[in-house]
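Below is one structure; the comments refer to it alone.
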Amino acid sequence: MSSTAAYSKYQYFLTSSPAPYVAHVQINRPTKLNAFKEAMWLELRSLFQQLSSDPDVRAVVLSGAGDKAFTAGLDVTEASQNGLLTPESNLDGARKAAKLRRHIQEFQECISAVEKCEKPVIAVMHGISIGLAIDIACCADVRLCAADTRFAVKEVDIGLAADIGTLARLPKVVGSFSWVKDIALSARDFSSEEALRVGFVSAVHESKDKAVEAAVKMAAFIGGKSPVAVQGTKEVLNHSRDHAVEDNLRYVGVWNAAALQTKDVQAALLSVMQKRKPTFEKL
Amino acid sequence: MSSTAAYSKYQYFLTSSPAPYVAHVQINRPTKLNAFKEAMWLELRSLFQQLSSDPDVRAVVLSGAGDKAFTAGLDVTEASQNGLLTPESNLDGARKAAKLRRHIQEFQECISAVEKCEKPVIAVMHGISIGLAIDIACCADVRLCAADTRFAVKEVDIGLAADIGTLARLPKVVGSFSWVKDIALSARDFSSEEALRVGFVSAVHESKDKAVEAAVKMAAFIGGKSPVAVQGTKEVLNHSRDHAVEDNLRYVGVWNAAALQTKDVQAALLSVMQKRKPTFEKL
Amino acid sequence: MSSTAAYSKYQYFLTSSPAPYVAHVQINRPTKLNAFKEAMWLELRSLFQQLSSDPDVRAVVLSGAGDKAFTAGLDVTEASQNGLLTPESNLDGARKAAKLRRHIQEFQECISAVEKCEKPVIAVMHGISIGLAIDIACCADVRLCAADTRFAVKEVDIGLAADIGTLARLPKVVGSFSWVKDIALSARDFSSEEALRVGFVSAVHESKDKAVEAAVKMAAFIGGKSPVAVQGTKEVLNHSRDHAVEDNLRYVGVWNAAALQTKDVQAALLSVMQKRKPTFEKL
Amino acid sequence: MSSTAAYSKYQYFLTSSPAPYVAHVQINRPTKLNAFKEAMWLELRSLFQQLSSDPDVRAVVLSGAGDKAFTAGLDVTEASQNGLLTPESNLDGARKAAKLRRHIQEFQECISAVEKCEKPVIAVMHGISIGLAIDIACCADVRLCAADTRFAVKEVDIGLAADIGTLARLPKVVGSFSWVKDIALSARDFSSEEALRVGFVSAVHESKDKAVEAAVKMAAFIGGKSPVAVQGTKEVLNHSRDHAVEDNLRYVGVWNAAALQTKDVQAALLSVMQKRKPTFEKL
Amino acid sequence: MSSTAAYSKYQYFLTSSPAPYVAHVQINRPTKLNAFKEAMWLELRSLFQQLSSDPDVRAVVLSGAGDKAFTAGLDVTEASQNGLLTPESNLDGARKAAKLRRHIQEFQECISAVEKCEKPVIAVMHGISIGLAIDIACCADVRLCAADTRFAVKEVDIGLAADIGTLARLPKVVGSFSWVKDIALSARDFSSEEALRVGFVSAVHESKDKAVEAAVKMAAFIGGKSPVAVQGTKEVLNHSRDHAVEDNLRYVGVWNAAALQTKDVQAALLSVMQKRKPTFEKL
Amino acid sequence: MSSTAAYSKYQYFLTSSPAPYVAHVQINRPTKLNAFKEAMWLELRSLFQQLSSDPDVRAVVLSGAGDKAFTAGLDVTEASQNGLLTPESNLDGARKAAKLRRHIQEFQECISAVEKCEKPVIAVMHGISIGLAIDIACCADVRLCAADTRFAVKEVDIGLAADIGTLARLPKVVGSFSWVKDIALSARDFSSEEALRVGFVSAVHESKDKAVEAAVKMAAFIGGKSPVAVQGTKEVLNHSRDHAVEDNLRYVGVWNAAALQTKDVQAALLSVMQKRKPTFEKL
């Protein structure tokens, strides 16, 4: 990471560098179960935009501060006050809708910054991980979790259809549409074991600490590889999720026409022959 | 349900209300393994359109009458007689095709009525559940089954590519395309255990009765929640299945700009604080 | 198969007919772990185009010759020499890109010939199955493997984003996007057990021989069914993967308007009644 | 037309048969400038569904009864009373939205029946042709008009974004997006001359009578051709409007695989050689 | 406009309010033919984001300052210096590409802000209007021009494919793909008359002053209408350009379910009856 | 052109080089009005693939040999004999369809080779230009014509829906869908004047010779520009036709990340300053 100091300006996020080229971001409002208020999602956007273009970062780990929660989701109290859940009553229905729509779109864009970050993001879920926790996690590339994680797509329990990304992305993140409907329509809790079985997380670890440790190790492993190859793979896979195969082949062909002009291929091939770890220029 | 009487007009479907806001629909032709003839799919469409706009219904359970079958699929004898499988021979190939295409499209629309129903539909599969059973189940939101269920995408065994929805929806319902190809190209049976493993069903219960019981319980649970939230979630998830993430975010933003103007949010938040069950107005 | 002789012209592929209507293709460069050079992928295209239109073939099994590998992927040495990995240095960046893009597109088209083959293709993976092995396997309809298979999406380890189809197809082949990102970003090995769990393969067999045996049996089973039904099912499922449900229903309706005009339906229904194996005309 | 009597049941539409295989439909509420109330669009759907499957109809002409108007659009007075423009005030915003959305969707489906009619529809616009007139005309295949036609996309003048099809279809009907925005954002009138210049209509005739005459002549001309060819052309062109070229080629290939099995080709070729008018079987 | 002062902070854009609810923006670097450097497109984004959410603005007119040019496009000298056209030479091809791609994307986003502005934008083209002028104009809703305008898609003349939006949008803005290819492949000039004939502009005026006057009049006319209706129409038309008709109908149905809950409909209907100009609340 | 000799192998096409970097291809079967038989479309594919990768060709002009016709379309006599219009009668409907579909697809691919040619193609239409003439012309980038050209989408007159590309591409080539439906449903002739008005051709010239002269001049003009810029523009515009604006911006951003690494930009800028004609390296 260019320097930890560059990330000290954020009030609600702690950023450290536990390994070369790895940034560890912690949602940092543990006294409120890391619940999000508006200032936090605005910060989240800035933070991930900064990580995206920081040449000293090649992989990001995202977890919650404290033992209790990755995040308990939206801070409902604050949301009721700032108008997200309670638009001004003197407006007509159309004007309320316009106001709400702008608010939702900005909120969505802030969370999408995690997906748009050019570097792989590994989310470590633990403790309470409900509501917005799922929206955010769906934007990460890989999801790990602690055994005690309590997951839920909680929105219907407060009278809402989840709209900050869960409903848009979850059907493309896991394989069973039956399961997605089940947990989204009922808002019921699901366990780490169930999350693993359906493919929502890639692995379960016995505790939050072990999960973070595994995530940092994975991030460091990825951080040791060609950033041209890794970041291209992330971009192309995200494109693939949303397009037909023919379009994907066309896109990756154009992408690699430039990407293959990297010195990293020679560096990688040489290091294989010389049985040593390659080094790659910054990106 | 507005009244059971309102649903007594259907000859091939039994409808009851085992819990508040829950409708239980049974395919009712048990002497023929609930096999479908044309009159039945026409009725199925009317029935689900009625359920869709009945404000007293918030969730639907769909099972087969009798112990032997959810449904054995198309009534092949009747289909041979009414021209679906045997178009008039004095027409040329193009005119036969036009006739068949119109017939298929109407058939598809009837089955799609299950998917278009605004209320969540929980299918309970049991016994023989082949051919059209899979087409119908793919339109449900959640699939449960009894342990003894015998599933098969049976069409290739009678010389057909399944065309009433299975091939269109199944690749989006489960995660493994390899498995979809396997069972669709071979028409082989698969078990409840296999159905669970690949995510085609969300849970297996030891008997049909237990599965129906679980489905009614799930339906009642969902029926107790905000219908604005639940029906919005269903609609948006179905949109997500078929669109790219950017489109989904835009759509849900517009959807929720109206949906957030519900009193259900306040009702839900208040009931959480007061630790009591909320009630919601009809929709 | 029309005759084994018709397939003897290929230098790098062995083709035999272990059962009626079944072709078994082996990648045949075992001394180099079946690694691919350009001549091989050009041959692969010709071979699968021939299989696609051979009326005596109704299902194809694809494996690697020898015990060590399905394929170790791209022959990196050859690729370095022929310019795929090392474009001429006297060209400017745009001209290098044009050259690389054309090269990639032809390479993609050759591998896509496996997907475009109108007959079902069952890939049997075994031993080393890395890099291009995954690209090819993603084009097959069903994937089986031996217990000892060592899989990896290996490209990032040589500084590349995989571009011959893995990134385009894998997110649509398995259910967990988290898992796809995990193995594609890290290039780590995964086992047959993991491949089964995520749905990449449909079954694991104890050895290569057992897996090939199972694949041939499955191919023969499929080969005994109506080719109109089987080939229509393959085509329609591939269409479904890439289109929304409404489009899929429209497409299959038009497809079946012609396909239902087959004598195979009568042949199949009659054979069911007469409890004998139906025979179907060539296609 | 099978018989004029079969169409006498509609209260708001007059249907006659001015030429073989041609149906002429007139919107018939001239005392109210042919303005639409709900019963009318419900009838419009039934009528065009009937025309779509009537083998004696091969082309349809649609005009307004009387000299003053094709249609002045929505009957605003009735719409205010039946709740389309004024939802019940005791509902919350979300429930009002649900009610309005269902209402709009049914309205859209009724108008779309003109587009879904399998036979070509030629709209003849004349006099006042505003608001809903444009929605309906966009569903026709060909648009002709009288010189005195007064066109307008009128909705913004009553506080609405047009939602019954104009905004969805008009950008695909004419070439200049600048012009579409101009007339839709300003609700200004445009003339027949302007309509011709931008391609909204194919021809301008000096009077309504001349325009109807030309339309009937065109319909009769089309009605004399192979219905397999004509109806296939309509269907495929509508598909092309909404899909990419690759998809269109695939679709038309499958379509014609059945359509080419018609005797009409031989009939047409023979009649060319024999210099006589061919006759084609019903469809 | 909330106040002209609020827009005085922009260095390269002059903003005035020539009529109620109308903002007139002038590209203001006349000594350099209004050629764009990086600081200008960054300002353009901020400015149009501000206009988009300013409740006192309901329509925007965009022209160039001075008599000579709307804009001569990219300031090539500056672009050569800041790296857009000349990436650092010590990077490998892939890293140069990454750098360029990020740069292009930001540039695209800045120009797209004109399209994303929720209020209609009327571009007035005059004098030299080449290169970037076309990219910007394609983002406007309506295009007017002076008779002396000299248009060109100029990029191929400096060795570039236009990438800031012209190639993406122009085929959807005008009707003739032949013409688009002609002017984009040859970079030849085209006249105001030709621009009108192909539908690129909606009208030609004899001078820049007359064109601005007409644009302000159109903007004031639109500004007098319901902002709910006008802004909804813009949003829905932009959606229509990029989606199939079925999707568009679904989207507008959801949009209007909220938009119809406006008081503007009653205000508009009442004012029609009372023959006076309606007033609408801010949005 | 690398050498005229390299193109002398084609039996049905004459290729010459009337200007530097320009190839002029003539359909050469004038005694039969340049009607196409199967051998011709197979040659057309080979020829345009060769032109596509010939670095000495930068633009292509396509016309018909002789004075009478660009092409009269399909050679119906030959098509009746080779099975395209008359499939073997002993096959069932599904098998006939499979055979026809494969035949159509190959035919489509041959014609699409004109579109896929990386170099701009200018079609010069003259005399009889019906049926397949329109399919081919829709694949060209720019269309010019002689005043005497007689155009028609002729297929419905022989009982067919046009399926070799006209229906797929024409709605995207011209602006008025009403006009496309008119001429495709009626198969009526249209004139050069009408073709110009709707934007099907870019210009009309008084004679075939003048039109060819203008086309060669345009080709030479384009041939003098950067091939990186020109070929990128063609590719990106074809992508734009078939994708939404957001997708197009993403694609062109990736494309230009490589394309901007060309020396052609410097060459072009320098030549502007030095007021001389730039030269560009081959591509």
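Letters are used for the chains, namely A, B, C, D, E and F, taken in the order the chains are written, and counting of residues starts over at 1 for each.
Everything below uses one rule, namely that a residue touches a chain if its C-beta (ideal position, glycine included) is under 8 Å from a C-beta of that chain, and two chains touch if they have at least 3 such contacts.
For reference, the UniProt names are A, B, C, D, E, F = ClpP/crotonase-like domain-containing protein.
As the structure is a prediction and not an experimental result, all values here were calculated from the model.
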Length of the shortest touching-chain route, chain C through to chain E: 1
Please report the minimal path length, in steps, between chain A and chain F on the chain touch graph. 1
Chains contacting each of chain A and chain C, listed by label: B, D, E, F
Please state whether the interface between chain D and chain E is built from the same residues or different ones, using more than half shared residue numbers as the mark of same. different
When the CA atoms of chain A are placed over those of chain B, what is the turn angle between 0 and 180 degrees, to the nearest 5? 120
Provide the C-alpha centroid distance between chain A and chain D, rounded to the nearest whole angstrom. 48
Would you kindly tell me how far, in whole Å, the mean C-alpha position of chain E lies from that of chain A? 34
Using the average of all C-alpha atoms in each chain as its centre, how far is it in Å between chain E and chain F? 33
Would you pick out the residues of chain B that each touch at least 2 other chains? 93, 96-98, 172, 174-176, 198-199, 228, 241, 243, 246, 254-255, 257-262, 264
Quick one: do these chains touch in a line, a ring, a star, all-to-all (complete), or other? complete
In the complex, chain B touches chain F at residues 93, 96-97, 246
Once bound in the complex, which stretches of chain F touch chain A? 239, 243, 247, 250-251, 254-255, 257-258, 261
So in the complex, which bits of chain F are touching chain E? 120, 141-143, 172-176, 198-202, 218, 221-222, 225-226, 228-230, 232-234, 236-237, 240-241, 244-246, 248-249, 252-262, 264-269, 272, 280
Chain E residues touching chain A in their complex are 53, 91-98, 102, 228, 231, 258-264, 281, 283
Contact set on chain C toward chain A in their complex: 76, 80, 85-87, 93, 96-98, 100-101, 104-105, 108, 112, 155-163, 165, 167-172, 174-182, 184-188, 198-199, 241-243
